[in-house]
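Remarks on the structure that follows.
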Amino acid sequence: MKFTTMAATVALAIGITGAQAEPVKVGMITTLSGGGAGLGIDVRDGFMLAVKQAGNPDLEVIVEDDQRKPDIAVQLADKMVQSEKVDVLTGIIWSNLAMAVVPSVTAQGKFYLSPNAGPSALAGKGCHPNYFNVAWQNDNLHEAAGAYAKETGYKNSFILAPNYPAGKDALTGYKRFYGGDLAGEIYTKLGQTDYAAELAQIRASGADSVFFFLPGGMGISFLKQYADSGIDLPVVGPAFSFDQGILQAVGDAALGVKNTSQWNKDIDNEANKAFVEAFQAEYGRLPSLYASQGYDTANLLLSAMAKADVKDADAFRAALKEADFASTRGDFKFGPNHHPIQDIYVREVIKEGDVFTNKILAAALTDHADAYAGECSM
Amino acid sequence: MIRETYLNTLTLGLFVLIPAWALMADEPFTITLMTRAAIFAIAAIGLNIALGIGGLVSLGHAVFFGIGGYAMGILAYHAQTYTPVAEWPFLIDGTKSMPIIWLVAVIVSSLAAFVIGSLSLRTTGVYFIMITLAFGQMFFFFTISWAEYGGEDGLSIYLRNGFPGLNTLAPIQFYGLCLVILCLVLLFTWRLSKSPFGLALNAARQAPIRVETVGLDPTRLKLIAFVISGAITGLAGALFADLNRFVSPTMFSWQTSGEIMIFLILGGVGRLYGPVIGALAYVALEHWLGGLSDYWHIYLGILLLLIVLFGRGGLIGLASGRKVAHD
Amino acid sequence: MSFLLLIEQVLNGLQFGIMLFLMAAGLTLIFGVMGLINLAHGSLYMIGAFCAAAVAAATGSFLLGLVAALAGAAAAGALVELVVIRRLYDKDHLDQVLATFALILIFSEGTRWVFGSFPLFLDVPDFLSGPVTLPGGIEYPLYRLALIVVGLLVALGLYLLISRTRLGIQIRAGENDREMIAALGIDIAKLYTIVFALGAALAGLAGALVGAIQSVQVGMGEPVLILAFVVIVIGGIGSIKGALVGAILVGLTDTLGGIFLPEALKLFLDPSTATSVGSSLASMAIYILMAAVLILRPAGLFGARA
Amino acid sequence: MTELVLETQDICKSFGALRASRNISIGLKAGEIHAVIGPNGAGKTTLIGQICGTLKPDSGSVRLLGEDVTQLATRERARLGLGRTFQISSLAMEDTVLQNAVLGALGAAGNPWRFWQDALKDRALREKAESALERVGLQDHARTRTAELSHGQRRQLEVAVALTKEPRAFVMDEPMAGMGSEGSKRLTEFLDELRSEAPILLVEHDMDAVFALADRISVLVYGEVIATGTVDEIRSDAAVREAYLGEDA
């Protein structure tokens, strides 16, 4: 692995020439058991790949499983802060867990780097100087889907999402950039697995396109049933139902579907190529967008460690804010509320040999920031 | 074999010694874990009154745990955002004061227990188990879509609520508070089990027709037991929310009901200290097994199976070699 | 809302209900004969789906996958019965709930350990994919029609099994009078294992059939399990007929409630509030139905014993 | 005619095609023991169920102390003064003998809504319970767990629990069943005294006890009272001999 050695050398060089090396302790709380463990495992593997490549002896990572339960996540956060005395926390996948953990750990003066969840409350009024989101604000991918729908000329979308806060944010985000009429707007049950009734409504609605946000198993079920229903409308959705882990379970039903993502494995830059190659070599599977987010999170942290001592909170915060690392997404910078300003792409699901994956079609939004930055004062 | 009394004393001793050690060794997280155990114990003591003494197998106690939690969440959320809880028929403000929150939690969960109990007690046996489960699911789905209070995301309370004269943010002080409540609840349950009401309820579990024949109404006895039980579990819910500074619909999920039941059965149903020992053991297992393997649920499952199959009377039964709790 | 759409939605509710019946039939049979509450029934559903997905992926044949689901779930059921369940018959409901809850933990994490954390792929077979046009011009997925037919055939098969065969006589004897079984010289232990395996096979079949249009993943069994419990409680525990009626009632309530409640509320509320409140009510609808049935008929619609 | 303490007027009860009670009218006078006898399946348990309130008659009425109690629940009849013992012991088996007796006293006091003081230390309850135990001869077993009592002792405890309420009328369902001859004899003597306190409707298989105790006997066959009368009248009644005593007339 040419890149690995190179990165290690670079890290070593920084370690020698950079600021005095005060060890940094990172606590990762993520979902490693039960339903939804796939996402946490990807984030962890991406993160640890970057840590391994850096070979920085001053970085210590403690990983714990939150079982996707908010109370466990809070308990683990207490443990990380009180017992392990970590400097930085990261790893949470789900918005509700993030809402449970982030405000309290940042209030205690710790840094939190979000590798996945981006609830609007933490981007707007509830923003915090010590909270950095390295993935996206929750609305972002939906906004890109709306922008894509507008650009493609859809005039009458049928939109659906589960009946919970992230679902409502999703439909709001889509509508924010879409601007056309709605043939229907449905909130489904969280965890619903049968969409026959919704499909019948879509068929009868006279829509010209369908937008859906149904993360995890819900999306798999919806896509399979959609393909089988014979409805022939174009579908667009955020990347969550089309990531590498899930696509193989959806199969042919996903082929050709357009989805929006801030990352794909074919984004053309050095860092990304090296990441995709190294990830496959290390774990024997293609990386997902979650893995890329974990990887970027670790590299952001490493870049800040090279510039400042974590005990000097102001300096370290400034170093994080610079986002001086080679992101797998290409250009990456933080907005005033410490959320990403980045390009978001439209991808299409294709089949490479036996493996379902995505290819990038075009950018849907460039240098896109989130809608809540204005409400943030810090 | 250990005498049950010694075992009980030992357990209470652990609730004092472990945190004392943690305080000296500067291990605040151990105190957090012990707080968790104490709160779970209170929740399970609540269930024990309905299940252990009254024989009501409720798979819906998460309802009361959740109501207690949301009582705290909603009141503190409004206090935190300086908005009133209600303006009509009269102005109700939020609060960050624990005693008021507890009072509200107890009252609201008692009311809920009264309504749920009145309806559910028309059924018996498996039907009772299932109708309590159904009420739990209703509350779960309701809170998931209750957008004002965060829906599935739940509510975050940034600072722990206050108690006059204490700094509740210090883990040991909050723990002390929970321990005192645990002891009070234990004392109350102990008195209750020996009281005329406890005597009649105990008989209503074993021989309802007998209670009826002496001129008492077993259904009303069970209903009141269910209300008291719900109130105590609701109080535990409010404390749990304050421990986490967070509430979410997970508190209402049927798995939560199952877990409360597990604390109780792990320790020993119908025994005064059963829920306390069970909760302590569960938190310890969760902590140690969780550290050993990502697949720790397998070990937990096997352990539970062994206890059900071979250890009637829970851990207390195993340790004391006695199957029946009463003497 | 047009009449045709209504018919289509009724079909959807029916199909959902019939899949629930496959789950509920096994549960209610096991309760009726052995008096056992089996929370781990959802795990057998999951095992069926995973067996089907694994075998279908290896052989490319959906039908072989179905066979594997039946065999795998039945084998898992028989194994669990022999090792654990038979020790629970004499215990009270509380112990049964706890022990089978423990089994869920073991099965779920065990499956994740074997198959990993990502969902598995299982698709509708080619000869059943795509929609067909029904009389009246409704376009309806062929696979869902097939599910309705298969479900009804299973219901018929169960009816014949119980009313016409020797095993059926034994099962009925077991439901009515446990002492009579012994008097008839029936090997109770064997009968129980067979009934449990039969219930497990039905759950596995449901898991595989549904897995083709849903997501095959760890934890897929629990939501269905709860619904199946709602079904048998509404129908009356122990009654197969009750399970069928209850399943269709739940299927229709859930499907039609999800559509009509938001529409109905739009008459009083603004559209987005109506959608939101309506879907909240819809997700609570079947539990409200169940509570209502139990309050009016504490032993369910067809329940014999209270 | 003396006022009847307890009576059924023309009660009927059917289970499907089975007519378990056919126009049964029997009465219990103050100070008497009225025995109801009949072969298995004659409808004795159904009759008791209707008198005590676990079953509702299809028609007819039940009167207690002159009041129509047909629509009242078991516990309400109990409060009016109906004391009952069961054929199959239905005591709280895990509890002690004293606890069971205190439960009876508690029912008589009518207020179980006290959650703090110790029931066994409540003087009024305890005295009532202990005196009842003493009367049936169980005072030495007060601390014994009920499950550990012998069959006969459980019968005695059943009677003691009923006594705590100082009832106005007793209904006893086979109190002698399972007792040894010594126990039967003692209980017979006890019931003999008890009748002056409150009359007893006695359903019993033990014919020696019935003939020794009863002032009047009603014979129930196929849900119907075929004869009512004094011991001598019943002994000599041809229909009874044929239907019940199994002798050819």
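Letters A, B, C and D mark the chains in the order given here, with residues in each chain numbered from 1 onward.
The working rule: a residue touches a chain if its C-beta (ideal position, glycine included) is under 8 Å from a C-beta of that chain, and two chains touch if they have at least 3 such contacts.
Quick caveat: nothing in here was measured; it's all calculated off a predicted structure.
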Which neighbours do chain B and chain D have in common? none
Please list the single chain whose C-alpha centre lies closest to the global protein C-alpha centre. B
Compute the centre of every chain as the mean of its C-alpha atoms, then state which one is farthest from the centre of chain B. D
Distance between the CA centroids of chain B and chain C (whole Å) is 32
Distance between the CA centroids of chain A and chain B (whole Å) is 36
So, in whole Å, the Cα centroid of chain A is separated from that of chain D by 76
Expected list for chain A, residues touching two or more other chains, is 33-34, 37, 163, 168, 187, 189-190
Residues of chain B that touch two or more other chains: which are they? 141, 144-145, 147, 295-297
Going by the touch definition at the top, which pairs of chains touch each other? A-B, A-C, B-C, B-D
How about chain B: which of its residues touch chain A in the complex? 27-30, 32-33, 36, 141, 144-145, 147, 150-154, 156, 158-159, 171, 240, 244-246, 248, 250-251, 290, 294-297
In their shared complex, at which residues does chain B touch chain C? 51, 57, 59, 119-120, 122-127, 129-131, 133-135, 137-138, 141-142, 144-147, 254, 258, 261-262, 265, 269, 295-298, 300-305, 308-309, 312
Show which residues of chain D lie in contact with chain B when the two form their complex. 52, 54, 73-76, 78-79, 84, 86, 90-95, 99-100, 102-104, 106-108, 110-120, 122, 125, 161, 164-165
Under the definition above, what is the set of chain A residues touching chain B in their complex? 32-34, 37, 64-65, 69-71, 74-75, 78-79, 82-83, 95-96, 99-100, 103-104, 107, 119, 163-166, 168, 187, 189-190
Any idea which chain C residues touch chain A in the complex? 1-2, 4-5, 8-9, 12-13, 15-16, 108-109, 112, 116-121, 123-124, 129-131, 139, 141, 143-144, 210, 212-220, 223, 255-256, 258-259, 262, 271-272, 275-276, 279-280, 282-283
